[in-house]
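Shared chain: chain A. Partners: chain B in the first complex, chain C in the second.
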Partner chain A sequence: MRQDEAGTAALTTIVMLPLLLVVLVGVLEMGALRAVAHRAGAAADLATIVAVGDQDQLELALSGKLRLAADAADIARDYFARNLSATVPALGASADAIAASADIASFPTAPSLDPRTGARYDRPTIRLIASIPIRTPGFAALLMPAVTTVTVRSVSSPR
Partner chain B sequence: MKTHTALLLTAMLLLSSVRASAREPVEDEGHPIPAPPVPDPVAFVVPAGLYYVTDTYVADVVATSEATTIYSTTTAHESTGSYARVIDTVDTGASSPFDGMAFNGRGALTNGQALAGTYYENFVLTASGYVPVSVVFFQDDSETRHLRGKPTSTAAPNASATAAPVVTTTQRRDESAAPPATEQQVPIAPARPTMRAGISLAPDGPMLASAEVLRGRLVQFWPRVFADDVAVPIRSWRLLSAQPDRISAGRGSTQPFAAQWIRMPAPGVNWSLRFEIFSEVAPMERLEAEISVTLRSPALVN
Partner chain C sequence: MRAWRRDDRGLATLETILMLVILVPLLFAILEFGWLTQRWLAQDGVALQAARYAGELGGDRPELRSYIQEQLLLVGIDPGRVVVEIEPSNIAWREPVRVSLRTDEQVAIPFLFTTSVAVRSTAVARGEVNQ
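So, the complex of A and B:
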């Protein structure tokens, strides 16, 4: 390599390195964000599934039909907070606060219509929609928001 | 010398030994200790012809209509939890070995002949079986006579009656008319109850034809029997057919049947449970009950 070509390579590296670092940080942060969002979604799914198991035993004895217990939404909220606790270091708020602000609706009888989503449920259903604030320090280093909010949605019913 | 001393000591030890009272560890191995004999359960003898009482004795009634006097018995439609059976049916004037045993007695016609009717023996169910408690006579007779003058009406309630007897009297003077035909009444006897069997999900719950069950959940099914819509105790039940993965027992009496399903059926397929049930009211009557089970599992909805 001649001396002038070596100088060109060094210059190119100096110019492109920040750009490469920006792309690398962005990709890594995006991957981390997706992983945390996936864990939050799993926490919501498990919470609604657990809540579906909370059935009204009196109604079952009287009619033989499954019907969600009156506290099914509270059960879902409680388990959502518990499931989120393992992800707290990556979250921008406490698990309890996120669970408390989640929109959890119980549709104990079927068929029923979800006024928020417009969905029609043929079985007793628990629906959970939550906004999850996730820390994104990589984005902050790139002069982007330090907390990115993702929305998770979960719907469960006995099928 | 040493040899003699050793032999002497050994002999002394042997002669002074006593039998050890310790248990030999391997003494009873291979010889299992026989279990104490369990006496056979006492046979639960059910008197022949026994049935559950749904109509109870109230009073003896003597009613006169024209020239006919009818001797009958009034009953009340109620269940006191007792049982009864017919022990004798007697005609007019006939004697019975149970004469004098009925708490309400056996009346007589105006000519002194004993009334026709039926003797019933009452039972109560106890832990030791059916215990006879009393005998009651259900009179069922009539007599016709030619009257001259004012007709009479008599009412002869028994002293043990708990309610006033119903007496119907009619005053008519057309005595020349032919005497009314004597109607032979069917003895008033406790009706045999209509038995229904079913399955419920609670000890006092309604009978269900179908039920939804969550996968993996242990569910209790209670075989139940109703006699004229009145719940009666279960003597025994037996599972005839079922597909659960786990069950508590294949037969029982007062305990419910517990079942758990792990495997999901094919879409559109329902499990079913079929039972054979015997009740205390009609121990010889075999009843069947069936419940369809729809198995569901908590799942995410897209």
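So, the complex of A and C:
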């Protein structure tokens, strides 16, 4: 009886090894995907914060009211690309291309209504929504898409 | 030959060792990867906040260096092991400032390898002071 069981553990290991490797690759790739998505979200946050940090100086001097600079959306796009560039090796497109395709809207005066999200803003606001293609070679090895797209959103207003 | 096949003393031990050699590296790979990711995200957060502060201060200032050290300690990273670069050292209003942090972390997978991995974080903000 014992002789019949010889090598059972080794055989089980050999059979289970592909399954374990699949789970390992999936877990690692999912973790990497979430980390890169988090980084892209942080890049979007910093971009919108930088953009709302600059006010229309003339309006501020004349009326004392906060009003976003005329180029606020361009600034947000520029700094989004700059901050994404640190993550480029993990991205499925260039930082400039991702930033160029991002939906960035400026609402320089308040109150205002965002036609895309339906949100109402009580202060001048920059809103950024971007699709981030992230390379997922681990998923590709498991016959899943080699690039996974995540969407990041960021909204900032000056205080 | 038959006598050899019947003699299975120590076989369970051998199989256990074989399994451990495979499973332990798998387990450590997951643990090390999670630890590295946590380090990267924590360091990233510090870089982002430091870049904003650099924009407020107008570049590389002692207050900024102190702030980075404090924040690194708060997230459990030894500031002595982090290389900090702030470029340019002086910025004017609306000019970009880049803060980069780099740490060399050791990754050890039993039975396989031990190596050093550079964890890099970079953030770019904009000068907010008119000097």
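Just so we're on the same page, the second predicted complex is superposed on the first by the 153 of 159 C-alpha atoms of A that agree within 3 Å, B and C clash if a C-alpha of one lies under 4 Å from a C-alpha of the other, contacts with A are read in each partner's own complex, and residues count from 1 in each chain.
Criterion: a contact is a pair of C-beta atoms (placed from the backbone, for glycine too) under 8 Å apart; a residue touches a chain by one contact, two chains touch by 3 or more.
Bear in mind the structure is a predicted one, so any value in this text is a computation, not a measurement.
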Superposition on chain A - do chain B and chain C clash or fit: fit
Contacts of A:97 with chain B and chain C, given as first, second, both or neither: neither
After the two structures are overlaid on chain A, angle v-u-w for chain B, chain A, chain C in degrees (C-alpha centres, nearest 10): 100
Chain B versus chain C as contact partner of A:49, first or second or both or neither: both
Which of chain B and chain C A:157 touches, first, second, both or neither: first
Touching partner for A:32 - first (chain B), second (chain C), both, neither: second
Chain A: partner with more touched residues, chain B or chain C: C
Which of chain B and chain C A:13 touches, first, second, both or neither: second
First, second, both or neither for A:79, with chain B first and chain C second: second
Contacts of A:140 with chain B and chain C, given as first, second, both or neither: neither
Shortest span in Å between Cα atoms of chain B and of chain C, once chain A is used as the common reference: 6
Overlap of chain C and chain B interfaces on chain A (superposed complexes): 45, 49-50, 53
Contact footprint of chain A on chain B as seen in their complex: 200-202, 205-206, 208-212, 214, 217, 296-302
Complex contact set, residues of chain A against chain B: 45, 48-50, 52-53, 55, 60-66, 121, 123, 125, 154-159
Of all residues in chain C, those that touch chain A in their complex: 5-6, 8, 11-12, 15-16, 18-19, 22-23, 26, 29-30, 33-34, 37, 40-41, 44-45, 48, 51-52, 55, 94, 96, 120-126, 128
List of chain A residues in touch with chain C within their complex: 2-3, 6-10, 13, 17, 20-21, 24, 27-28, 31-32, 35, 38-39, 42, 45-46, 49-50, 53-54, 75, 79, 82-83, 85-86
